[in-house]
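Chains here go by letter, A, B, C and D, matching the order in which they are written, and residues are numbered from 1 within each.
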Amino acid sequence: MTEQTIDKATLSETPAPVIHVSPSPHLADQSLTTQRIMLDVVIGLIPVVAMALFVFRLYAVKQLAISIVSCLVAEALFAKMRGRELPLKDCSALVTGIILALSLPGPAPWYVGVIASFVAIGIGKAIFGGIGMNIFNPAMVGRAFVMIAFASALAASGYQDVNSSVDAVTQATPLDTFKQTGAVAPLSALFLGLTNGSLGETSALACLIGGIYLCIRRSASWEIPAGVISAALVLGGIANLADMDSGWTVLHHLFGGSLLFGAFFIATDPCSSPLTPRGKFIFGLGVGGFVMLLRLFSGYPAGVMFAVLLMNSLTPLINRWTIPRPLGAQ
Amino acid sequence: MTAQGKANFFSQAWLVLVLAICFGGLLAGMQILLGPIIETNKINETLERVPVLVFGAAHATELSQSGMEINPLSVGVEKAGKSVRYNVYETKSDGKLAGWVTKSAGQGYADKIEVLIGFDPRMEKITGLFVLDQKETPGLGNKILEDGWRGQFLDKSTAKPLMPVKGKATASNEIDAITGATISSKAVTDIINTAVADLREPLADKAKGK
Amino acid sequence: MADQPTASERFIQGILPENPVFRQLLGLCPALAVTANMKSAVTMTGAVLFVLFCANVITSLIRDLLKPHLRIVVFTLTIATFVTIADRFLAAYLYQMSKTLGPYIPLIIVNCIIICRCEVCASKQSVFVAGADAIGQSIGFGLAVSAIAAVREILGTGNFFDIPVLPAAWPDWVVMILPPGAFLTFGLLIGLVNWFETVKASSQASEVLTPAESEGS
Amino acid sequence: MAATQTKTVTNGTFAHGVHPPEHKEFSEDRPIEVMPSPVKVMLPLLQHVGAPSVPVVKAKDAVAAGDMISKGGAFVSAPLHAPIAGKVLKTAVSTLPNARHVQVVPIKADGEQLEGQALFDDVLGGEWSYEGIAQRDPQEITDAIAAAGIVGLGGAAFPTHVKYTRNDEKPVDTVLINGCECEPFLTPDYRVMLEAPRAVVAGSLLVGRAAGAKTIIIGVENNKPRAVEALREAAAGTGIQIAVLKTKYPQGSEKQLITAVLKRATPLGGLPLDVGVAVSNVGTAAAIARAVLRGKPLTHRVVSVTGAGIREPKNLLVPIGISYRELIDFCGGLKPEAARIVSGGPMMGFAFANLDAPITKGTSGITVLTDADVRKAEETACIRCGRCVDACPMGLVPTKIALAARAKDVDLAQRYHIMGCFECGCCTFTCPASIPLVQLVRTGKAQVIASQRQ
């Protein structure tokens, strides 16, 4: 009897809850966090990783393990050096690690992945002030470093290991074969990804599946791959028309090399790409244009890495050019 | 007014003038002292190489003591309406023509590659190759500097153009390309092929004429 | 003039506290361009030492004759003369090294370290102090370029003064002997120096604070 | 008639915006209840945009319901009327949820009050006839609106007569009646459209006549099909169009509504009048109908008391000046998990703690949020994902403006058109890094204003 009355009294007496006061808005889209965006990228990478594991077997396992572990260790180490909380939960280091591994050739020695990871996280990211402050794509900074440092391991010949038991690795990469001998890989092999190349770049199909998932989830802006692909189509088309005899058609340009992998997973890194939709499209066009220029006129068979880094450096300028016109502005 | 102005000018600048004269004298003295040494250094840089390219590294040192003679020539070649000049060094041992060394250059992967090529007197085979200047990718293209790779060109016949191939060279006119640096390898081979094509006849004629 | 530093102070300061490269950020052109290996770094230091010492001494000798608005002309004249001497000397006796260093020896003329020392020290102080300052600053410069060169040469080629120091299995980090390696090494070393400085400053600050705090309580 | 209906916009919308959870379920099916007459009300002298009103009564004066308490202090101002019969007390000061300290005139209830169904019939119910509206003198309508102290009931509380005063330089060709109610949780407009559609239509016709507009359009979001149905029925034969719009926040913002319905872009820093449009809320339209057709001033309004933190969410017809506490108590009080009390909706409303503050003309609801609604996530670094750019209905770059505000860089902020922001909160809502973007924009605006004063 007493209990009941107490209960009633407390009920009517208590506006007991602690009331917070804060400026509006009071609602937030709770399903959307930085971590969730990064996880989306990981999910989008699943088909690519699966294809890499299928085609390159232990090579892919090795590179993925090395790069992911090194990136996480580097992230923890540099965060500690900077006196920051352990930022591993935002998963950005995981993404950097996977993308880095997928951009390396399978037979690359172990130290390549380790050094690339530390450079990616340390010089590509931590030095600028951590996630969000970096102006270059960390994975590509790491890859560029090892590419110059260990030229022989990452040049066209670094992809090939004649004595390997894994089929793909015994061949030269399709772009290199074409550059050297003019022989053209079958389009179906390029599309499915049964050729040699960087671990993640070979399968156009896997890149498309993962990439389209990312674009639908809006964790990657569709404007960037759209820009890359349209630039590649236009320039590849011109090259194709200029040299009709060459078997390397515009579709080979599209499906060969790391163009699609770069378009969907590397160029779309939000930190180092522009903010506005128009800026993103311009950025994509620039990446695609540079890739094609490098492919057609430079000694490098594939140029996604340099194209992305070049356009990264132009991102602040593009942001400045593409300040959107607000609704109703003159 | 002008006189005063002039006086002012000198009072201001006398130190600069005095220093300029002192330093000028100092530099002139240095030039007289060191000039000849520097000149010799410059000439030696190329000439030191010449005997090695003609006689091979082993013989070059012995021979250099004896009556070796190196005459720099300039050979003009008419090519597609244009005149190209080559710096050629005529090498004589005891008065007898021992071989030719020519300086030649061409576009490499990164920048111009400059080489010295040695030939026998009749221009039939290559007796040596030295890379004077290159800026190829370290670790890849700059392997053209290595003795092992350059050694392949020794005793190659000039009859057929040389060909860099990937993997293992089999035919007599084939050269192993450097793995990962096919372009650099091809550049060097092309430089040699061009030099051979341009100089074979004029130099062989010269040798016969002697 | 009473507050001018003494010769020994000048000497000490040049080495670390006012290190020309890491603290004053002067002479960066050679610090980046000739630090691919130890040999060229040391040769460069020698050339800088020679030019700086001569320029400092001459400037100090004529300091009372200097007209303020003509002083830069005089500095440049003096420096250019000794740079030319150094350049010719190298060409005569270290021909290969002179080729490696290329335009960077003549560029000492516009090296800010030297004109800075002439301006800051030599044109105001005695020959002895100026000489000590030149040596101190040159040692500081030498330490800085050697530090950069050591990192670059060891990582880039596995060698130190062309002598192999790392096992043959060491994969050469070619990037380190290329220009990007210079910028990276330089940037990281400056970061390191600044970090040490911060740590030192904060430990000093806490030492100062502690008695005050205890008084307060 | 048929011709006008084909012109009706369906699924029109503006660019960008967000989709916050609607949460209308708490109160949308609760018919409007009439709040029992309070013992005391407090009428803030400034509860609208513009100059404070000037009291015309003294303490101890006896007033009847509807008597004028204060008169408008300027052209952009509005008078106040007593919602209840009673005695004027001494003027006091109170803090409103928007953190403004204002003078209030308290009235103690005394004598017989209109209550229950009678009050409802007086305010919203009863018969609404459209007859003779087309023949009324426009100036007379505007004067009646001004005299009734009507302000925008959607939340902005801008004095309504100002919008409809004829201006030959900027003629109004279209009157938009805003029934979007895009704020989550809130339902007072929805209930008014359902329960008094003829009042809304009558008010719309009146303002259309007052402004001399050729077209009158009522815009409703497509998540309120029953309201659309009710309005269609009530508007049949009047020439009023019903525009059904896509549900999206902030559809109910003037500029966005104009873009959605008419495809006109209001100039940055301009008013709807600049593009020949006048916009009023459906609640305001109903109040106008009452003022003009029944000669009654604005003394009551419909308020939603809603949210997961309130025991019995309700829609209430309340006298202006009643305290928030009375409303919350009438709705069963707070649940223990209540975490935040917001005056208005959760996107743009003000969180407050002073429950004794009075309801004003602009109060559209009380939303009580729980811990689960309020994101407690820690702010992380901006990764420049650009979602705020995609969300901003004004086409701004919120993250850059916020950055400029943090750096106190007034020039940069203005280069990114900081003053174009109307603080809808879409950017903060959507930001994956939980950066308080709109809050920073507000600081930035203060910096800009301060620098302009210098």
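Everything below uses one rule, namely that a contact is a pair of C-beta atoms (placed from the backbone, for glycine too) under 8 Å apart; a residue touches a chain by one contact, two chains touch by 3 or more.
Because the structure is predicted, anything quoted here is derived from the model rather than measured.
The two chains most heavily joined by C-beta contacts are A-D.
Think of the whole protein's Cα atoms as having one middle point; the chain whose own Cα middle lies nearest to it is A. Look at the CA centroids: the one farthest from the centroid of chain C belongs to D. Inter-chain centre distance (chain A to chain D, centres taken as mean C-alpha positions): 46 Å.
Between the Cα centres of chain B and chain D there is a gap of 87 Å. In whole angstrom, the spacing between the mean C-alpha positions of chain B and chain C is 36. Contacts with at least two other chains are made by residues 150-151 of chain A. Residue positions 172, 174, 178 of chain C are each in touch with at least two other chains.
For chain D, the set of residues that touch two or more other chains is empty. Under the contact rule defined at the top, the touching pairs of chains are A-B, A-C, A-D, B-C.
Residues of chain C that touch chain B in their complex: 62, 65-67, 70, 73-74, 77-78, 81, 84-85, 88-89, 91-93, 95, 172, 174, 177-178.
Those residues of chain D whose C-beta lies close enough to touch chain A in the complex are 14-15, 18, 20-21, 184, 255-256, 259, 265-268, 270, 309, 328, 333-342, 346-353, 355, 367, 369, 373-375, 377, 380-387, 389-390, 393-397, 399-400, 415-417, 420, 423, 425, 428-434, 436, 438-439, 442. On the chain A side of its complex with chain D, the touching residues are 11-12, 14-30, 32-34, 36-37, 90, 92, 130-133, 218, 221, 270-271, 273-277, 280, 319, 323-330. Those residues of chain C lying in contact with chain A across their complex are 171-176, 178, 180, 184, 187, 191.
Chain contact summary for the complex, chain A toward chain C: residues 109, 111, 115, 123, 127, 145, 148-151, 153.
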